[in-house]
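Each of the next two complexes has chain A plus one more chain, namely chain B in the first and chain C in the second.
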Partner chain A sequence: MKKEDVLKTLHEISMDPFPYLESKREKGFKIIGSPLADVPSELIHAAGLMPVTILGTNRPIVKAGGHLPDNACSLSRSNLELVLNYQPRSFDGFVFPQVCDTTQHLSDIWKMTISSEFFASFLIPRQVDRPSARHWFYAETRRLKEQLEAYTGNPFGREALEESFSLYNEARRLLRKIYGIKRKNPAALSNRQLFDLIRAFCYMDPRDLIPMLETMTENLPKEKAEDENVRVVLSGIVVEPSQLLDILDELGVSIVGDDLTVGTRMIAYDVPEAEDPLEALTARHFDKSPFSPIRDVGTRLYDHLLGLFETTGADGIIFFHIKFCESQDYDLPDLKHIMRERRIPMIVLDTEYQSVTKAQTKTRLEAFIESLYGERENG
Partner chain B sequence: MIVAGVDAGSLSAEAALVDDGGKVLAQSVVLMGGCSAKASEKALKVALEEANLSIDDLTYIVATGCGREISPYANARVTEITCIARGAFSLYPSCRTIIDIGGQDTKVIRVNERGIVSEFDMNDKCAAGTGRFLEVMANALGVGLEEMGQRSLDFEEDLQISSVCTVFAESEVISLQSQGKKVNDILRGIHKAIADRTVGLLERIGVEKDVVMTGGVAKNIGVVRAIEQKLGLALLIPEEPQTVGAIGAAHIALQKARSA
Partner chain C sequence: MGETKQMTAKELSKRLTKTYYEGAKHAHEQGKFIAYTTAVSPAELFYAHDVIPIYPENHSVMMITHRMTAELSESIERKGYTSHLCAYARSDLGFRELHKSPIGGIPDPDFLLACNAQCFTLTKWFEVLSRRYDAPLFVFDTPQFIRDKKAREEIIKYVMEQIYEMIEALERLTGKKFDFDRLREVIEYSRQASILYKKYLDLASYKPSPISIFDALINMAITVYLRGTPDAVEFYRLLIDETMENKVKKGIGVIPNEKYRLYWENLPIWFKFRDHFNLLASYGAVILTSLYVHAWSYDFDPSDPVRTLAENYASVFSNVELEERAEMALDLFKRYSLNGNLMFLNRSCKAVSFAVHELRDIITKKTGVPALVFESDMGDPRFYSESQIRTRIEAYLETLDQLSYDRERGLRD
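Right, the complex of A and B next:
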């Protein structure tokens, strides 16, 4: 496969993974979906199943409104809509993480409204600085393993787990390498293309993805070639609608870093080596950078973003706020205050899965980018 | 060197011509909206006629407003947020906060001491509390748009309008009228509701003096006073608040022409 073909294929999968997933199913894999965030895909993969991160739909909300309150976050509404309405037969089972109040309620609603062969809840401790959090996560991981074994009828052990660890670690390593190339040479691939690869990672078996990523790393320019674009850090959970990335490309913006859950947070943290594979998964979880619902009570979330802004030498921060995300809603007043105090340019963009072509969103982004260029010219 | 800024807005289009000293030579407001190419062309034509110039005399044109992408003749396109900020700062270098209420949206902008936008927010989801909203209210009350402001200053009863949603407020206003409430009092209630909403938006970005108000609604003294009362400070209002975006666009055109 040529680099261009890889990019085209992965773009298509990132926009609509279901033909690919159907082909996996024809090969005998059961498709297990999980909304964001932090369900250990490696564990599901080691059970011989096909883990998929569910990333919602941009198509109209028709059925989900009947099951969720109007102020449920756009991500949850579009996840439920996707599975209830648009892809009712594409999944065999679900592992449902509970990371916030919305996912906690959605988990029950999901279980009651969507029939599937398999359903497991995965309860993630929200305050990661408590010593009990580790025990909790470890116990949940073990419980999930047992449930998966009961579902497939096939107990699996260290060997299968380590194989999955190394496959996912390798896919992540390659994605990080590509991100690094883009950072050094922003023109090497567009913002949209970079995030297509990360989305594809959410949807694909690393056995299929790795050869494609290898083609990419072999064929991308390695030399440093900085451009004149303004440099931004993206912050938040997910950039949706993904067309926003096209707008960033159009506006002449280079992404130099991010703390997105569907972004760096997904590819930065490998499973380390450990005697006990479940302990390895636990250690990886607590290595991860904080995100809105999962964090300690202190300022780690903000410190992490400030650190990223400084180390990348960015000109500004674009924060993607998912409409009605309760976790982000509570973080934003503090975050804005901190950035204002330090005079760090940041824009908070309210996003909704269903508003794909909003001229106003583009105007906001454009005005922010103009102010960054203005700072440069007059600074 | 003469340059132009053209602002194609939702209810009107404006143009401004500026010489290389930054002096405004001519400006125009045409009541043609829809963010259209035609409106921006017309605004430019009127300004050129006023200055006795032709399009060939212009070195550079910057288009702004919701019709910027389709404005003819433009050498560059810049958002209205940047242009309004630049325009307001060029008129009042002491300005740090700008309130712009136009035909269909409300913007609040903070600028730093160099006139660069440091933060902004906008209500662009509906026409609540904007020029379009005032038009509908004027119609419902049978009052001319230009007399609304002045009349509302002459009030007796302190009325509360609870919604600035164009549809709900219209029925609220009609029901107040049928209760025999005075038009001037209702007008004041409407202006206070707009002020509440505007100050709510301002809270998100913070207020720093001096505060300039621009856009067509700045011509409504009732809204201006209501905002001033809520903020506890006097607003600076340009002589022609509607052309500030076009003037800002022209200043940006000047800068671009110089560096081209």
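Right, the complex of A and C next:
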């Protein structure tokens, strides 16, 4: 496969993974979907199942509105819509994480409206800084493992887990390498292409993805290249719709870092080696960068983004706010204040999966990027 | 004590509230610590450790009933907060901007505890306060109390471990050793107050009912912020005696000609509940109860203090799975002979509102009682459409009338 073919294939999967998932199903895999939020895919994979992170749909909301009010976040409504309406037969089961009010109650709605062979809640600790959080994550991971085993009828142990850990770690390593190449040489691949790869990682078996990523890394230019573009850090949970990344490409922007959940947070944290594989998954969970719905230590949520901005030498920050994400709604006023005080240019974009304000968003982005170019010229 | 015996429950409630807020106001002068906490949280730990728990939610209710929320909210909307956040949070953050309050405000916190059994919003709201006052925030994490025996045991273990962590945090804050005997004593007061409070709520099962949900809502405040003290026990004893004496024994109902005994889903529309009471009464209808007022009907066992706190606070109605929540509501339908169902979809409260359509389906199917689902906000009049809600409630009551007419004539099951 050539590099161009890999990019094309992964772009297609990133936009519509269901033909790929159907082919996995034909090979005997059961498809297990999880809404976004820290479900350990490795565990599901080690059970011999096909884990998929559900990343919503950009198609119109038709049925979800009858179950979730319009002040539920765009991510939850579009996830429900995807599974209820557009892909009702594409999943065999679900592992459903709960991190906020919306995910907790969506879990109830999901169970009642979507039939599946398997449903497990994954109750993530919503605090990270006390020993109890680790004990709970471990206990919950063990409970999930037992549920998966009961579903498949096949107990699995250290060997299967370590194989899945190393496959996912390898896919993440390659993605980080590609991100690094892009950072050194932004023209090596577009912003959109980079994030297409990360989305594909959410959807694919690493056994299928790794050879493609190897092709990519072998064929991307390794040398450092001068970059005239303005450099930005992306912040938030997801960039939706993905076409927003195309706009960044059109405007001559280089992404040099991000704290996105579907982004660096997805690929930066490998499962370490440990005596006990579940302990290894636990350790990885607590290595992760902050996630808005989870109470972190002090002001780490903001400090992490400030650190990223400084270490990448970025010119500005683009924050993607998901419409009606309450978590981000509470974080943003203080975040804006901090950035203003430090004179760090930041724009907050209100985004929605079924975006109707694309033209307006584009205009705002254009103005922001122009101002970054302006600041650079004025030193 | 002799003096309080002659007081009415209303007078006693007023006095207790005044004393409580006065005490809080002067806490810092007396070297006492102030902890902000959430309405459903192990506040017994604070009373046992001589730390004064303050409930910003209660304070927000006062601001809402004094119709201050729109102004307060606008003040923080100008700071970048959106108008679709919880009206309690908006009122509170607005109070901190404008320093306006019907009781002269509440003192600043030394410590914050957010229990997410109620909702997750409180954590985010308290995070804002924690940054503002540079005060530590302890998230008391209660995973959804799913119906799986093994999972429940694990959840209780996790919650108990956090209670010990919380005790350590309190010891660090105050420099004082925690006293478990004192905790047992406080929980015993909570146990008694909770039993009496529940007994009071259950007076609504009499026909006609001597109390409506509005009485429950007014009298709920004492158990929210004074459970764990002998004052709360005394108050509910007096309240029950009084209601038995003045209403039940005389067969006097809270409204004349009681015809429809209604369930209310969600928190109340605080600034409208008197209007709703009058509108409903004109149709012979009265709201008797909701799961919300029962959120403080705890069942404590002081002999195992840490476990009993964990079990009670993790299992509140807003933290169980929907089927179980529906069963809790159905139990109220049965025990209180309810024959109407008003389901309020509260824009302020995602936690309690989001699965309301599914909840309606279960309750309607099991009871055969039609339900009215309507949307508004518990605290912000800008999201309350008077004519629309009035029309819908009236139409609903007319439906109940038609149903009862048909049933009396055997035209329906």
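Assume the second predicted complex is superposed on the first by the 375 of 379 C-alpha atoms of A that agree within 3 Å, B and C clash if a C-alpha of one lies under 4 Å from a C-alpha of the other, contacts with A are read in each partner's own complex, and residues count from 1 in each chain.
Definition applied: a residue touches a chain if its C-beta (ideal position, glycine included) is under 8 Å from a C-beta of that chain, and two chains touch if they have at least 3 such contacts.
Note that the structure is predicted; figures quoted are calculated from it, not measured.
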So, A:L106: does it touch chain B (first), chain C (second), both, or neither? second
Once the shared chain is lined up, is A:T363 touching chain B (first), chain C (second), both, or neither of them? first
Tell me the contact category for A:L68 with respect to chain B and chain C: first, second, both or neither. second
Of chain C and chain B, partner touching more chain A residues: C
Quick check for you: in the superposed arrangement, does A:G374 touch first (chain B), second (chain C), both or neither? first
So, does A:I114 touch the first partner chain B, the second partner chain C, both, or neither? neither
With both complexes superposed on chain A, which partner does A:A268 reach: first (chain B), second (chain C), both or neither? neither
Those residues of chain A which chain B touches in one complex and chain C touches in the other: none
Touching residues on chain C, where the partner in the complex is chain A: 76, 79-82, 84-85, 89, 114, 116, 119-121, 123-125, 127-128, 131, 137, 139, 141, 143-144, 146, 150-151, 154-155, 157-158, 161-162, 165, 321-322, 345, 347, 350-351, 353-355, 357-358, 375
Enumerate the contact residues on chain A facing chain C in the complex. 66-69, 71-72, 98-102, 104-109, 111-113, 121, 123, 125-127, 130-133, 135-136, 139-140, 143, 293, 295, 299, 324, 326-327, 329-334, 336
Per the contact definition, I'd like the list of chain A residues that touch chain B in the complex. 340, 343, 345, 359-360, 363-364, 366-367, 370-371, 374-375, 378-379
Chain A partner contacts - residues on chain B that touch it in the complex: 66, 78-82, 114-120, 122, 124-125, 206
